[in-house]
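I'd like to ask you about the structure that follows.
We call the chains A, B, C and D, going by the order they appear; numbering starts again at 1 in every chain.
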């Protein structure tokens, strides 16, 4: 974990209210794992007061990238920063997805990455790592499912394809890809899946989607790692603000997560 | 210019007057990657109770204008686990550890806690958290001058350690409570704990923290905190540990000038984990720029 | 969708529930260049006392994180001059004028004031300011449940006008005071007045407002205000006029959802003189978006 | 008085921490008088919460200009705004200097404009108006005295000269012009002045300077109009926050001022 001043390389609109930020942050870049996040101070004033947690979307050499949606005042302020400006950033935070165990222990794995809305952000980094494993000769397949309200909210399709993933999309209104919930698409896939390799699900997105995925994971006996969100005050495990109810009691999303095994969570 | 930053709180000597506030610094280990913990004046632990406490359901925090609400509900691993797992780590830092304690139930529980802690040398002082607004009860001990007196008095009999009584700002007259803490033998008072507050998600029409009401902290509450330190300073003789919205050197200075002998950094740790050390060096600069040799000369130096 | 914004406060019918808070709107004429004053639900005047009051020495205001301190000290031209110079202008606006009144001295003075005002038809209601923190005295009437009761009771006997008791947040338990106001015959309560606070210029080592202590207002105090409205709502039957840090429609909505029947805009008038009218149209939009026909259905609608 | 959204035409550094802002604000421009001010919302957040009062420095057609020094967070935020951005501005506020009475009633006047530090800002607008009177054939002379701590703080010298004023400067450290206080320079001038025309002093600057000028004004029997500052919450006369102690009781700097006759003020 580092607290650094990272120079903005670019911070540009991708589409709609989605922005892509790249920062010079060599120390953080070196240690980052997919699923980990940054906690960014977006303003030098007291408005907003707290840092904003944003997933690591990609690491390129000394640089680190973030993909974010403008949803409130913090992300708005962030979106107004330009290249050359410096951000106070803490990271990498949290545990990240577990994927190396398979890389070392097994011949390979079939991974299904499921991103709902902004949830695709950390999965691109994961897909990148999986592509790296594949390049080293292991049998890793990565299928990506992207879910969103409507076509305009489908992001990162190209990034995933460029990383060699097969990509399917679902929209609530059917304006793009499968019409319906991403979890229904997942169920379709699992029903017809050939179990040549062990399957693992990695998911990030809205709470209800993750809850549904946990149910699917249990039903099909497929392990799922899910990345949760809670409101964070400190992001480093000190305030006990971001707890989630798990089988081992209340645990901190920022420190013990944000990635949890789906079967650990007590959904209410 | 050489400046003296050391202050005394009861029997406790601090090499500098900057500590970190209960509940905002975990058990210190969370901060070790960011700062040299041994540079702090003291560390106040998250409040510990006799038995483990699960605390309140999430969501537990939300942001407010220049502040935040929390309703952690005193989640902590309980006394035994604290002593075994947390204290050894804290001890190694080599600076005074002030242990914040609270009772979930009756006076007896408090006494039991204090008797047990009195024997532990690594604990430099005890801070009595009589003021946590999150335990459901009608009124808090710290809102009642007599109850404050009885509790501090009872605890005082059981320990020779430096005793600090932490005060809640949610009272009509804070000087009354502070005077009772002093009369009962408290070596110092610390203030302010959080102001109770509430915030509503107007689209969902639900409270933003699950417990409905939370504790307001951060720069928003600073004027209230500084006012209370100043009010108390003129009424009591024991030292004051000031806190509430300290974000930087300038805001820390307000508390010293109003009458605090030491200060505690709370919410600011979340925003800048280095802030407490930055304040220590900022204080040195201020003293030498203003040709003040000893921080004790600054305490209560407001010209009114 | 047609939505109904009208509410009742005692005998007073307001076409909409948005008023402007005492002391933050002058005597309205200062705002006439910026907004159509007749669009407001009501105007609460700057507090008036029997005799002219000079108020406190300058500096009287300073900024704090997401807030401000003021120590105006109830400067006002006195009752006679108000009636001759200010009231005719206010009257012409054509909306209810709520007159805020305070006494500098004893109960008799308050009674005299109210007796005099009872005869003036242009005054739609009286708001009793028992909570101004700036008049030097130990404790305020509004910090004492019994004193609040006696005063409201005495005033109640002298007037049939709608009586609103304004509450200070600087108390241990606001519900006690509100209940006494209700028991004594107040038709409504309004809250919160400012939290007492203090801010220090650390370079000069002087208080930033000349009176040392001032009243904290603005968004910083909103969580405290919303909490108090919610606490009171469950304990009293008379309507609540909520205020404290209302800056826009969303923050106004927090108060309604917590239990306020009407709201008052204070500090925000200084920053955006149009804000009260913007809130009125924002409320309409919110109601129709959420398919709520009548704002009265929103009052106290928090799901906990 | 208007509340407008004014587009920034430019907002550039003049020197040191001094900035020059130009806004499109036709309504305000039309009604502005020298000595009046604007109250500017520099941020959409609550930090800073209140507007910032800044004098009208110049009016050119539909545009209005402000000269300001970055001294704290409000002016800092303002200095970061760029052309095309829009500011919420209230103005023109306050009373302004009285100078037309001479223009109409008298053949002319000898005016001494005294600016201490940032106090020069509104005086440029006044000098401009006086130049206008002169252009219309009245006998108006304008002499300007600029006082500052050091050379780097002397601003607007050229502007005044371009408007046909004679300019003298004083610095505390003698790094530019007269060494010493501007009020000492004023005394020197008054001692040797030929009273061909009635003299009027217009002054803006630090409180101590204005107090000293009041004393000089009394001693020499020369009327002085001084522009005061007080901390302002509303700027429109509503809050009674900005009062100053005068012979007629407490008066509001924002509404009854900021310009007062020197002999009205009760200095303490």
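Things worth noting here:
Basically, contacts are C-beta pairs under 8 Å (C-beta built on N, C-alpha and C of every residue); 3 or more make two chains touch, one makes a residue touch a chain.
For clarity, every value in this text was computed on a predicted model and none was experimentally measured.
Farthest from chain A in terms of Cα centroid separation is D.
Looking at A-C and C-D side by side, the one with more C-beta contacts is C-D. Mean C-alpha positions place chain B and chain D at a centre distance of 48 Å. Centre-to-centre separation of chain A and chain D, using mean CA positions: 56 Å. Chain D has its Cα centroid 37 Å from the Cα centroid of chain C. Across the assembly, chain C contributes 65-67, 218-220 as residues in contact with two or more other chains.
For chain D, residues that reach two or more other chains under the stated contact definition are 46-48. Chain contacts here are complete: no pair of chains fails to touch.
By the touch rule above, chain B contacts chain A in their complex via residues 23-26, 30-31, 33-34, 46, 54-55, 57-63, 65-68, 70, 72, 75, 218-220, 247, 267, 269-274. Contact residues on chain D toward chain A in their complex (touch as defined above): 43, 45-48, 73, 77. Those residues of chain A that touch chain C in the complex are listed here as 46-47. Residue ranges of chain C in contact with chain B, taken from their complex: 64-67, 69, 139, 143, 170-173, 195-200, 202, 204-207, 212-214, 216, 218-224, 226-227, 230, 245, 250, 253-254, 257-258, 286, 301-304. By the touch criterion stated above, chain A contacts chain B in their complex at residues 1-3, 41, 46-51, 88, 90, 230-245, 249-250, 255.
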